[in-house]
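Each structure below is given as structure tokens.
Look at the two complexes coming up: chain A is in both, with chain B in one and chain C in the other.
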Partner chain A sequence: MSTLSILIETTVILSVVFVVLAYLYYKLSTAKMSLSKAADAKGYEDSESYVTDMMAGKPRRLDWSILYMNDSKSIGLRFIFASLIFLFIGGAFGVMMRLSLTEPVPTIIQPEVYNVLLTEHATIMIYLFTVGMSLGLGFYLIPTQIKAVRDNMGNITSVAFWLYLVGGIFFVISRSAFRWYLYPPLSLQLAPYGAGSDAWLGILAMELIFIGISMASIVALKIIFLDRSKEVPLSRLPLFTWSIVFTLIMLISSDPPIMVALGMLFYDYFNPVFFTAGSHNVLLFTDLFWFWGHPIVYIAILPFFGIIYELLPRFSGTKIYSYNSGVFGLGLLMVLSELVWGHHLQNSGLGLNWDLFFSIASFAVVIPSAITVFNWIATLWTATSIRLTTPMILVLNGIIDFIIGGITGVMLANTSVNEILHGTYAVTSHFHYVFVGISLGITLAAFYVLFPTFSGGRTYDERLARWNAYLVAFGSLLMSTSWAIGGWLGMPRAVDGYFAWFQPYQVGAIIGGVIIGIGMLVFLYNIAVSWWKAPSTDMDNIIENPPEIPSDTSGGAIGGGR
Partner chain B sequence: MEKKTKIEAIFMLLIIVILGIFAAQQAYVSAHEIPNSIATQYKGNESGATQIHVIGAQWSWTFIYANGTKSVDNLTLQANTTYQLVVTSQDVIHDLYIGHIGVQIYAVPGQTNTLTFTTPNHPGQYFFECVEYCGKDHYLMRGIMTVT
Partner chain C sequence: MEGNKAGVGVVIIIAIVVALSFSYVLTTPTGSQKQTIPSNPAYTNTTYLWADAAGWNFNHGVVNPTLNYTVGTVVTFKVTEADTAPHTLTINPGGSVSNPISGESRSGAYTVLSIAQITQTKGHQSQGQFYFSKPGVYTYWCTVHPTTMVGLIYVNSTSGSSSATVAPQSVLSGPSNINPNLQYSSYLDMYTISGTAGGTFEL
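Entry: the complex of A and B
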């Protein structure tokens, strides 16, 4: 790329950013003025305490005011909608990648671009969509679930959100191509054939995202443990809150290594001493990365387990089968997540002892997962009346996908089988079963449940919502199953071309991926059209205002701790 | 003990027993009994295997045979023979993968990994690929292994 085109591109990006910022500033200042007027009229000294008294803990709808109000609900909404936008960007990149693979040679997308899409799809989905959605749902739902008595560190969470957003935008425009695990020395090659010319910006962006999400996590833990009402003791904390607690502890205990490693990587651009071939330390980065990189994939699903625990009782008219084993399962997942990072590095020369240790530790992860799934199935088993609404369909699909994804995952943990499957599409199929089923599906379920609140009393079209659920479920199954079969036959992943022998499995995956894309467009259309209609119901939702569930003497109080 | 707790305990025990069997089986297989078709990266060169040096580079595989001849993106081996691959890399991390005979080993710059395997006992052609993302033409870093 010539210097002139770089200059033109930079100028255009900067102008767009400037116009958007100016508009936001205008909106923000006028809205802030009206807010302080309203606070004055009610006799408040400052608008902050007005916000805390009037808004905190109440269902909150989406409007421009979330951008300048610093109560937990507003910040939760910011995270939820920012991560939804990132979901659509990342999803579009995923579908583009699929469409390029119709032929064994690169078709519409050349390798340089394909590798950028590959990197951005993974990074956006994991760091920006799932983590953002976890924090968003946490900040939105937890103050209600724990009946928070204080909500006073919103300014810090607000800074955290903007860091996360700016990091996300920088990452997208950095067009880096080092995949989401940025192994050096590849990530040190600042060239179009390596990590991309602006990959350094991608590394800074990741550092910003990590700073943001760590700050937000610490504030969220503070809200849960210090600002909880006395009516909600730890022994009766709702399961969703527990899942967020474990997620955030996992997040802040495991991201220091990657933040340090990213700093060292950035230093290597100027003075290559840490992760170059001469230092004999190349694999050190992979260890530091996966120490964080494995917990992050649990961070990406644990909050959605919590949402399943909240939705199952609502739609099956019974309590969760066992509260205690639910908490135990989630907690054990947190502990084990920190012990299995080496299974991403088998075949890299760790040696037999470590390979076996990590392999057997990965087997142990099945125990908490099985407890959790057993809990869900037992809840459905003992249910009196199951209502098959769209969120419930998505929850059931999530459970099925998690079972399939879990079983294909534990197969990968076996050291001998890993030698055949590592680096093939079998791995991709394993985590897409889980991520599409749990992270995406349960996000959609939670969004449908919360939609009347977000939109101020509007209802979505149930028929289109069902189509969305069925299309995503079927597309995911088709895509991941094609990958699983291809992977067992040795189809390598992360490639822009392949041996023609693998074409049937790629075509299956392309059809599946496009079906998921169409399903998500149905979702977008449904939401957009429903938002246009007049409000027809009240703003309540069943997560924040749960209906009475028949009481059961054993176990803790489930269903929002009420 | 409550009925609920009993059911859960039985379920957990069942899971732990199944996992224990699998764990013991794989530890045994990995450490003692190496099936002919599955390669092992853990044994030294005790069996007097023929050494082949493998160098990964962006974006090709170079094989240096015991007699000093070189070949690029093309590996020719004899049937039913034990070979030892000595794998390293010139620039970034690569990963040599010959799926049908269960060979997979990282090529790491500044580090040498070894792996011993036995070729199938009948002639045939297999493909090998790089399965660790290594830059622009990663997908072209592949070739054919011929067993004669």
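Entry: the complex of A and C
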């Protein structure tokens, strides 16, 4: 291709892109203009407070005005739907990775592309999908749950959202191949072409994402603690709000180290002094990363524990068995999550004493997890009537998956077992049990519950939703169980090939992954078809407008706790 | 407003964005291209190389030697791992002494030996073939150590001609030519540990 044709093509493409962007900007500024005119007519100084007053206390449906209205619920919808888009991107990459492993040697895609898919799948799912969905559900549900009296920092949250989105786009464009934990000798290796050549953009994207989610977290905590109605004291804060509180405290207390480390890493591109291979500081980076990297995996599940706490009583017709122990379990998870980062580094040379400390601290995580799970089981035990709707099926599946994933996780925390199992598919199976069961499954459950509100009074197709729930649940179980067995036999993870005698376990995982993919396509089809129909019901949902639960729950085996 | 179909729009956006990012990532340029080795070549040649992060043939003769072949030669590269770092043997057309891996020359790269084939076992020898069907300058290099392990290949147009032959020379004698910071951070330890620094490597 000649230089001239490249120039012409680039010019045409850029012109088209800028025309589209200019049109979008025109639409946005016109909408903002009409909004401020409407605010003027109502006697408001600024359109922000007009929007927040207009939207306060009302169910918020999805429309394009979420892009310029800066009230909490609009921004929550932005986060929810942006992270849904990222979920599908990351999921497509994951399914592609599975498909590429149909044979022991890489056949469908090149090893370099596999590395990119691996990095993008993990990073998109953890930083963009789960964190975005947590913030989204938080911003969407919390103003109702705490009856917020003030909502005046929407413009800051809006900036945070756009930083997060731009970071996500940059990360996909960067085609990084340094895994989701950005270890320096690899992330500093600007491969001269193709995969990994834009690793610097990946680092920049991570920094943008971190700035965005930190800003949003601080604003959310401010809303919860300072803008709460007097009717909702801390002692009666809903459990979902508690889970968001703990999540966000965890987030903003543990991400400064990695943000600093990312800055140093970026400096290393120009003058390699901090984390170069021979400087003995590479282990320091892993510490700085995992000090954040362990809390992030709790950040990815705690808000969904909160959603389970909200959904269980609605579908079992009783109260949560013990509110106090629920709060205590979530809070203890927050505290312990800050003390166990070293179990990701048990074979990195921290020394036996530290390994044992982190191992024991990891065993201690069983206590809050068991409190939480037994709280759910006791709620189900004392329930008078359990309605097995689609969200409830997903919740039950999430609880089962969390139990399996938790037990396999405790096994990994054992220092001696970890020496054998680290870097095998056993690790992958552990966190996919939890992430697919809790993060993905409960996201789907929450989406189904909130669907009438999002869509302005439409109902989803119950039969398709059932198929979605069953396919995702079964596919996850098949995939993770195949990995667990193969991992205990020594199947190494994160590589584009495997020894041929691991074939059965890989085939099981491939079938499971494809089943999850089909299940998610059913979900997408369900949304499109259901949204196409005319609204047929009201916009209420059971999380924001809880139905009356009878105070007398004596029908259960124990008679109800608190 | 009651009957808006924003959700359908979101589904369409999801489909478009997923398709775009999917095709973007799957078309990541990689170092590997297809190459057919003729079964009955005009000439054959066997070249021995030592893969060392400090440069090809480091401690084994001239570092990063310039190689000369006749057009139509199938060269069998026998590469021995000299340290424990991952390496590749990648060849692409184009290049010059001053700028061996310039932007233009990166397209059309062919990885003769991958990281998996050059195992990180010291002393292990692996072999791969490359068919030089066209005359001109080629660059051979390692994608993991592109600044240190890089050298030139001259393929002349006619058999026996010496016009394109250049005497072997060290194109890049060491990492200190590229980035002075690497001297103290990455490579200092390597030499002190292996004990081969001596007077050969200027600090």
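As a working rule, the second predicted complex is superposed on the first by the 518 of 562 C-alpha atoms of A that agree within 3 Å, B and C clash if a C-alpha of one lies under 4 Å from a C-alpha of the other, contacts with A are read in each partner's own complex, and residues count from 1 in each chain.
The working rule: a contact is a pair of C-beta atoms (placed from the backbone, for glycine too) under 8 Å apart; a residue touches a chain by one contact, two chains touch by 3 or more.
What you see is a predicted model, and the numbers here were worked out from it, not measured in a lab.
Undergrad: Since both structures carry chain A, what do chain B and chain C do when superposed there: clash or fit?
TA: Clash.
Undergrad: Quick one: classify A:L352 as touching chain B (first), chain C (second), both or neither.
TA: Touch status of A:L352: first partner only.
Undergrad: Determine, under the contact definition given at the top, whether A:S455 touches first (chain B), second (chain C), both, or neither.
TA: second
Undergrad: Which chain, chain B or chain C, is in touch with more residues of chain A?
TA: Between chain B and chain C, the winner on chain A residue contacts is B.
Undergrad: In the superposed arrangement, which partner chain does A:I89 touch: chain B (first), chain C (second), both, or neither?
TA: A:I89 contacts chain C only, not chain B.
Undergrad: Where does A:P535 make contact in the superposed view: on chain B (first), on chain C (second), on both, or on neither?
TA: So A:P535 only meets chain C here.
Undergrad: Is A:V366 touching the first partner chain B, the second partner chain C, both, or neither of them?
TA: After superposing on A, A:V366 lies in contact with chain B but is clear of chain C.
Undergrad: Quick one: classify A:L226 as touching chain B (first), chain C (second), both or neither.
TA: neither
Undergrad: Classify the contacts of A:T415 with the two partner chains as first (chain B alone), second (chain C alone), both, or neither.
TA: first
Undergrad: Applying the document's definition of touch, where does A:P492 land relative to chain B and chain C: first, second, both, or neither?
TA: first
Undergrad: Have a look at where A:L186 lands relative to chain B and chain C in the superposition and call it first, second, both or neither.
TA: Once the two structures are laid over each other on A, A:L186 reaches chain B alone.
Undergrad: Could you name the one stretch of chain C listed in 24-32, 96-104 or 114-122 that collides with chain B in the superposition?
TA: 114-122
Undergrad: Same chain A residues contacting chain B and chain C, which ones?
TA: The overlap between the chain B and chain C interfaces on chain A comprises residues 111-112, 189, 192-195, 276-279.
Undergrad: Show which residues of chain A lie in contact with chain B when the two form their complex.
TA: Chain A reaches chain B through residues 111-112, 115, 118, 177, 179, 183-186, 189, 192-195, 276-283, 286, 321-322, 325, 347-349, 351-352, 355-356, 359-360, 363-364, 366-367, 370-371, 374, 378, 414-416, 418-420, 422-424, 489-490, 492-499, 554-555.
Undergrad: What residues on chain C touch chain A, complex-wise?
TA: 1-11, 13-15, 17-18, 21-22, 24-26, 28-32, 101, 106-107, 109, 114, 116, 143-144, 146, 179, 181-182, 185-190
Undergrad: Could you list, by residue number, the parts of chain A that touch chain C in their complex?
TA: 61-64, 81, 84-85, 88-89, 92-93, 96, 109-113, 116-117, 120, 172-173, 175, 189, 191-195, 271-273, 276-279, 454-457, 524, 527-528, 530-532, 534-535
Undergrad: Where on chain B is chain A touching in the complex?
TA: Interface residues on chain B, with respect to chain A: 2, 4-5, 7-8, 11-12, 15-16, 19, 22-23, 26-27, 29-31, 38-39, 41-42, 58, 89, 91-93, 95, 97, 99-100, 102-106, 108-111, 113, 127, 129-140, 142.
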